[in-house]
Amino acid sequence: MNMVRRELKANARALVIWSVCMFLCVISGMAKFTAYTSATTTGPSINDLLKSMPTSIKALFGFASFDLATMSGYLALLFIYVELVAAIHAALLGTGIIAKEERDKTAEYLMVKPVSRAAILTSKLVAALINVVVINVVTLVSFLVVVPLYSKGSDASGEILMMTLSMFIVQLIFLSLGTVLAAGMKRSRAAGSVATGILFAAYFIARITDMSDKLRFLNVVSPFKYFDLPRIVAGGGLNPGIVVLSLALVVAFGVLTYVFYQKRDLNI
Amino acid sequence: MSVIDIEHLTKNYGKARGIIDVSLAVEQGEIFGFVGPNGAGKSTTIRTLLGLIYPTSGRATIFGKSCATNPEVRRDVGYLPSEVFYYDGMRVIDLLRYSASFYKKDCTKRISELAEIMDLDLKKRIDDLSFGNKKKVGIVQGLIHEPRLIILDEPTSGLDPLMQQRFFDLIASENKKGATVFLSSHILREVQKMCERVALIKEGRIIKVERMSALQENNFKRIKVESRADFDKTIFDMEGVTKVENGGKTATFLFKGDINRVIRRLAQVDVSNLSIDEPDLEEIFMHYYAKDG
Amino acid sequence: MNMYLHELRSLRRTTVIWTCAMIAIALVYLSLYPAIYRDGAHFRDMLAGYPASIRAMLGVTLDSITSVLGFYSMIIAFVVLCGGIQAMNLGMSILSEETRERTADFLLVKPVSRAAIVTAKMLAALTVFLITDVTYYAAAAVMAFAVRQSSYSAGLFFMMNLTLLFVQLIFFAIGAVVSVFFDRLRSVLPVSLGTVFGCYVIGALIAASKDDWARFISPFRYFDYPSIISTARYEMPYLATGAAIVIVSIFACYTGYTRKDIHAVS
């Protein structure tokens, strides 16, 4: 308990800064909604056109698979960026919280206390989880508060809830990826760079598969594409199968983290 | 011109005390000691002297120039810090060569000489060295350019006794060649052995700057007397005697003054054993080190 | 010179990784280009059956995004994001290396002025950017030429790629200044990634329209590729702002680094 509290305190300032940033992201993104809606004229013919547009052209236009004129469609576009920021936060948090003892040379202090490594790890993971939940809740609340100001009647709160839930799972994936890398790599300080590299690659792949239907198989590699955003936006909810598989991935990473951390030679 | 000249040097860290009105001078060829309790300001003084931190007021010069404004003065200075860290992924020889490249002279011979004296494996990676071996790298690195002034901060911490001996022999031979040495250390035995003059700093201020010989002359002798009969409780109560421990057949005390008075008092007693000791620097300084010294 | 070479040597590996990453990005996108061009042609045929107003709205955009340079705008934006991360990381780590790794007692006691140290490091960083960018440019130019479906202006292509160097210099300068004045940062990544991705997201979301004042906030939006393609120039206000940021930051670095206290191992 004391360790959880210590970790939370140490991360408090960063958490506040990231939360504020998320909120600003949401607000500023929504502020542009009106700009987008006025730019694209809606009408049945346009929608048909959009539907028959080749995937790559749609991606190039920036529409991907969403109908930008509706609130839900725009939200999905905004969401891509919000999710990116949240994923970075999670990855850095995951790697940082594990690597910090060796990085800050406090390993010789903490690791000789009468607590098992597993207990230390659990406290860190709990603290990290709390941080991730906070970011997620801040995002959710920001959306729920700001969107009605612009939505002109249509209620997107169901879709918003589903989207932030999917974001939560993506955060968990990157968080656990970060922890397993930091626990497993010999030079734990390099884990942050590796995790961001993977994240960046995942984001890049997500953008590439937008371009070409032929590359859709690559979606397996990119957590950003695990959840079918168009479906969520259309009110289809989350695919339970994917949810289970993703959570299994998170659990797998988590277990590996414990295994690696126990066996780890701590180098200062 | 003194090699080191520190005049009224003051450094404040915001509200925290750094050093206050520190003044001292080190002459050419001296081995000068610098001692004081933890947090007294030794590192602050040295770092200001080297130009790593900037004084609030006062000046500190080496060979007449300030290191901060004239960095080339450091060409003749060798610094051995108390904690040594180096860049990742370098071997010892790489670091020494990189170090040598800052001085406009060819140090290759010196590198191998020093490495041999200090028993240092040049091919090893620094990351893989123990603390003591890293210290050796620090020592060699500080001396390869044959500096005219050597500043040592806790130089032997981490070295085994053999290496400590070799290190001090090394310093002594550099000094014989004309180098001036500024030694900051907690190991008073070393300071006593090597230094001719010593400065004591406490709570940011210089308490004393004296010749080692004077320090010992002006000081107390520790006298231990044993007798076959119990001592009179008050027999040693006289002027110049302090810290009397009078327990039955053995008494010890410190005495400063005319030794004849003690001899006369002792003549009144049936003495079975007597020892008179010169206090070492440790005892002299513990007196100062203590909070209310 | 010795410090310059030392810095370059220690940056060798990361420079190679970044260059390869950037080339890979361009390679993947450009390899898709021929298929996309065909999709575009197909779509243009479909457009023929739609009213003139819609054709006008979408047609012009369609032509530009399926042209080599138009398509490349998207690629270069991604590569510039990569370069921005590389630059900000480098900026934040190179001047604070000694303080973070506690090697300050080694380097700053050498008979070199602090200004000389800063100069050596800055030149090393500039060299890294030039190596990365020139290598990338060569690879991208070859690939773009290979997949082209129509001719394009090499000059404009060069101008677009030059923006990579500009953005890198801007992020490097910002990173360097932050590292000089914020001594206690143990870990470079959160701040550098946060700033760069923050600018990226701001650039994508806020500064959507061309004449937005918000464009000044994100260096990624200082260079508008459609405008470069159509006017063959950079927009002066943004170029000037970028240059100002770089110059002021570098000056601040010199002043800050020279004047600051280097404390013992903390």
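Residue numbering begins at 1 within each chain, and the chains themselves are lettered A, B and C in the order written.
Throughout what follows, a residue touches a chain if its C-beta (ideal position, glycine included) is under 8 Å from a C-beta of that chain, and two chains touch if they have at least 3 such contacts.
Only a predicted model underlies this, so the values are computations on that prediction, with no experimental measurement involved.
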Separation of subunit B from subunit A in steps, with touching chains one step apart = 2
Specify the chain most distant from subunit A by Cα centroid.
-> B
If you tally contacting C-beta pairs, which pair wins, A-C or B-C?
-> A-C
Would you identify the chain whose C-alpha centroid lies closest to the centroid of all protein C-alpha atoms displayed?
-> C
Compute the distance, rounded to whole Å, between the mean C-alpha positions of subunit A and subunit B.
-> 57
Between subunit A and subunit C, the Cα-mean centres are separated in Å by 24
Rounded Å distance, subunit B centre to subunit C centre (Cα mean) = 53
Where subunit B touches two or more other chains simultaneously, the residues are none
Touching two or more other chains - residues of subunit C | none
Contact set on subunit C toward subunit B in their complex = 2, 6, 10, 101-106, 108-114, 116, 259, 261-265
So in the complex, which bits of subunit B are touching subunit C?
-> 43, 47, 50-54, 71-75, 77, 79, 81, 83-89, 98-99, 101-103, 141
Can you name the residues of subunit A that touch subunit C in the complex?
-> 14, 17-18, 21, 25, 28-29, 31-32, 35-36, 41, 45-46, 49, 52-57, 60-61, 78, 81, 84-85, 88, 92, 96, 100, 103-104, 192-193, 196-197, 200, 204, 207-208, 211-212, 214
Which residues of subunit C touch subunit A in the complex?
-> 21, 25, 28-29, 32, 35-36, 39-40, 42-43, 46, 50-51, 54, 57-58, 61-62, 65-66, 71, 74, 78, 82, 85, 186-187, 189-190, 193-194, 197-198, 201-202, 204-206, 208-209
